[in-house]
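After this come two complexes, each holding chain A, first together with chain B and then together with chain C.
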Partner chain A sequence: MRDRLSAVAAWGAAGMVLAAFAWLIGDVLWRGLPGLSWQFLVSAPADAGRAGGIASILLATVWILAIAIGTALPLGLATAVWLAEFGHRQPRLQGHVNHALDVLAGVPSIVFGLFGNAFFAVTLGLGFSILSGGLTLACMALPILVRVTGAGLQAVPAELRQGAAACGLTQWTTLSRLLLPAALPALLAGTLLGIGRALAETAALIFTSGYVDRYPGSVFDSARALSVHIYDLAMNVPGGERNGYASALVLVALILCINLATHALARGWQRSMS
Partner chain B sequence: MGSDAVSGGRRARPVIAMLLPLLLAGCGDGGKAATGKLMLTGSSTVAPLALEIAKRYEADHPGVRIDVQTGGSSRGITDARSGVADIGMVSRALKPDESDLVAHAIAHDGIAIIVHASNPVTELSADQIRAIYRGQIATWQAVGGPKRPITVVNKAEGRSTLELFLQHFGLANTQIHASVVIGDNEQGIKTVAGNPGAIGYVSVGAAEYAATHEVAIRLLPLDGIPASTVTVKDGRFPLSRPLNLVTRGQPQGLAGDFIAYARSAAVHDRVRSLYFVPLD
Partner chain C sequence: MSIHSLPTTTCAEPVPQTALQALDLTVRYRGRAALRGVNLTVADGSVTALIGPSGCGKTSFLNCINRMTDLIAGCEVSGTLSLFGEDVLTDGSNLLALRRRVGMIFQRANPFPLSIRRNLDLPLREYGIRSASERAGRLEQALRDVGLWREVIDRLDDPALALSGGQRQRLCIARAIALEPQVLLMDEPCSGLDPHATAAIEDLIHGWHGRYTVLIVTHNLAQARRVSDHTAVFWLQDGAGTLVEHGPTGALFAAPRHPVTADYVAGRAG
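The block that comes next holds the complex of A and B.
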């Protein structure tokens, strides 16, 4: 009896997760599709976002993401390598780095936004700009990138390392020829997860990359990210719902694509490892 | 590797030589045309309007760039004071301790008390509204409505709508027993439309638009005067506010010209399209 009850509960919970997902996607599709068209994707917003499209917003989003990933990727990779391969030589520092990453991962995004505004925009003088926004997002994406890459490096069997040491390979050769190729899929997966988190970010961007919705001319221009655009249409512009939902549909589609890509990479990785 | 880099450098040089005159020509043109950059920060209510006005101004003055950022009225005040922004956006009248700034109204906005469309209560006195927000009246039955608890929807700290509401009714935010705290107009409208027992307050323009577009809310009159853009415009509606651009001292040059433009009849269609009330 108890077995059957718990089975029903487990099935019910799984069903509810699926239903919530289906309901969310269905709702965004239902309300977003009427406003979505090719024209919507290739024209700039007009009339406070209620007319026109999201071309300049998409461009700004891609620029902000490129800066975020371009900064977080080398930093995150280097940190993960240090933690996994060299950190044990300085266990105290390793502990501090691990602790800092955990704290960073738990910091609410609005705090990143205020920090980004105070540090990148004001102290470094970058102002409201794509650069400020991208660097703020890089700080946010860093923990997940380091963790996933680190997990990939740790998953490399110890025999491989011992074998390399037995062959007299230098640490650098072991790292560049053996460990990094093995951890590459994890790095890619971490990057995609980071992109996913960054794409969904509003609070960290409204005070860093800003509100301006024209086509950005350089990384020093303020530009509006897709999530900020959706927030503004939903919250500040009466009658902005239609285009808000269409923009949300584009965002959800982007995130779904990234998720599918992550899964495909992870599957490919498992196959190549076995 | 090394030779590649060198030949790359050689190849790049003619390109730079070709671009240089273009760059210099660009500088020359910039000097002649009317140029400049303005930065506006502040109220999220004013920001969409200011952005639309700025776009139109930029179209008429190709050398000018106007960046609009949001963050709330308090931020508009702070940034205009510190000089971070050339112009602050503030969706209320300036307070006595803000007399170091100069306010330039660009439109008016009223605050409407809203309830769910199915709520049979058609009018609340100022005292009743006060008692509801203080938590002294907790059911609609006490004000002639159905047996249903009242869900009090309040605005988040720092929102000028909150400040205006508190000031008008002589309330302190600490006295308010809020069931839901919301940020923006649309969020307030959605909250009340989704709860038959809710009462809230939002921009008249936004509420009027929602109520005429099949959103389940109703605007309550205040002191017997209907809440509408018409009564705000003719000054009868008691709970209204100016939407201000604020500057430190009288604005000069580009800032002055832009503010004059934002106050002119040329932008009245933009003001109306966002459900605010034009100056006259």
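The block that comes next holds the complex of A and C.
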């Protein structure tokens, strides 16, 4: 009897998760599809976003993401390699870095927004700009990237390291020819997760890359990311719902694609490790 | 012929050179002794079997010789260990050069997750052999030496992990001998292999007499008798492993001097 009950509860919970997911997707599709067209994707917004499309918004989003990933990827990779391969020589520093990453991972995005505004926009004088937004997102994506890449490096079997050392391979060769290739899928998965998080980010961008919905001319221009655009249409623009939902549909589709790609990578990775 | 081998002596009765000498060698993990006070001299070109129950420090002993102990956090080695008269344990000694002179074969075959060719090519490049034709020559020779050449000749660029267990282990041996080492350390190299693959590896060791100095850990006493000319018996004493007896294999098995050896080789202990 208790078994039956708990089975029903488990199925019920799983069903509710699925139902919530289906309802969300269904709602976004239902309200977003009427506004979605090729024209919507390739034209600039007009009338505060009520009319026109999201071309400049998509462009700004891509630029912000490119800055974020271009910064976070080398930094995250280097940090993960240091933590996994060299950090044990300076255990105290290693502890501090690990601690800092844990704290960073738990910081709410609104705090990143305020920090990004104070540091990148004001202190470094970058103002409201793609650069400020991208760098702020890089700080947010860093912990995920380091953790996932680090897990990938740690999953490399100890026998591989021993074999490499026993053959007289230098640490650099071991890292570049054996360990990093083995950890590459994890690095890609970490990058995708970071992109996913950055794409969905609103709070950190409002204070850093700003609201301007024109085509950005350079990375020093203020520009509006897709998530900020949705927020603005929903909260500040009466009559913006239709385009807001169409934008939301584009965002959800992008995030789903990234999720699928991450899963595919993770599966391929598990297969290659076994 | 190994590039490391020395000119043959012209004396009437050549005294075998000492390849390896351990004096009061002790290994500690986080302060706790795992192997204590080992004194052992190994002649160049000989095959020495290390036998004894699990946990008595045989792997720890091998790990000192190519300084794999450096990779283990909290591991501390004291005493002296010399390889052809050169000290192995001093910090200043060149680790990479040492590991090229001393090859190691592990219990679990551990080819790199690369192609068969790259498995040998990578260490050879690292060794400084720039010429591709020389690397190819060494690759072929090493694979012939381990009897793998015919089996893999048409799939050198296939992943090494696609090979069978016995083939993988022979590939690892080829990877080690391609660097022309003087000493080969083999830590239970056959324990994961079927009898057929085991026999193939024993044949290799037989063929190496005089060419490499081999130290082989084995739990298989019959194997120790078949392949070795000297046997070293390790045993746990006062909570740490130590060497209790060492001598020519035939004599040691026929007339063990130490009581634990007598029990062990008779199958009454261990």
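We take it that the second predicted complex is superposed on the first by the 274 of 274 C-alpha atoms of A that agree within 3 Å, B and C clash if a C-alpha of one lies under 4 Å from a C-alpha of the other, contacts with A are read in each partner's own complex, and residues count from 1 in each chain.
Here, a contact is a pair of C-beta atoms (placed from the backbone, for glycine too) under 8 Å apart; a residue touches a chain by one contact, two chains touch by 3 or more.
The model shown is predicted, which means the values in this text are computed figures rather than measured ones.
When both complexes are superposed on chain A, chain B and chain C fit side by side without a clash.
Panel annotation: after superposition on the shared chain A, the angle at the CA centre of chain A between chain B and chain C (CA centres) reads 160 degrees, nearest 10. Contact with chain B, but none with chain C, is seen for A:Y211 once the two complexes are overlaid on the shared chain.
In the superposition on chain A, contact of A:H96 is made with neither chain B nor chain C. In the superposition on chain A, A:R267 makes contact with neither chain B nor chain C. Applying the stated contact rule after C-alpha superposition, one finds that A:T173 touches chain C and leaves chain B untouched.
By the touch criterion defined above, A:A165 lies against chain C but remains apart from chain B after alignment on the C-alpha atoms of chain A. In the overlay built on the shared chain, the residue A:H88 is in contact with chain C alone; chain B does not reach it. Measuring only between alpha carbons, the smallest separation of chain B from chain C in this overlay is 18 Å. Shared contact residues of chain A, touching chain B in one structure and chain C in the other, are absent. Residues 44-45, 47-49, 51-52, 55, 67-71, 84, 183-187, 203, 205-206, 209-210, 213, 273-275 of chain B are the ones touching chain A in the complex.
By the touch criterion stated above, chain C contacts chain A in their complex at residues 66, 68, 71, 73, 96-100, 103-104, 106, 108, 110-114, 122-123, 126-127, 172, 175-176, 179.
Listing the residues of chain A that touch chain C in their complex gives 88, 157, 159-170, 173, 177-178, 181-182, 272.
Of all residues in chain A, only 47-49, 122, 128, 206-207, 210-214, 222, 232, 234-240 touch chain B in the complex they form.
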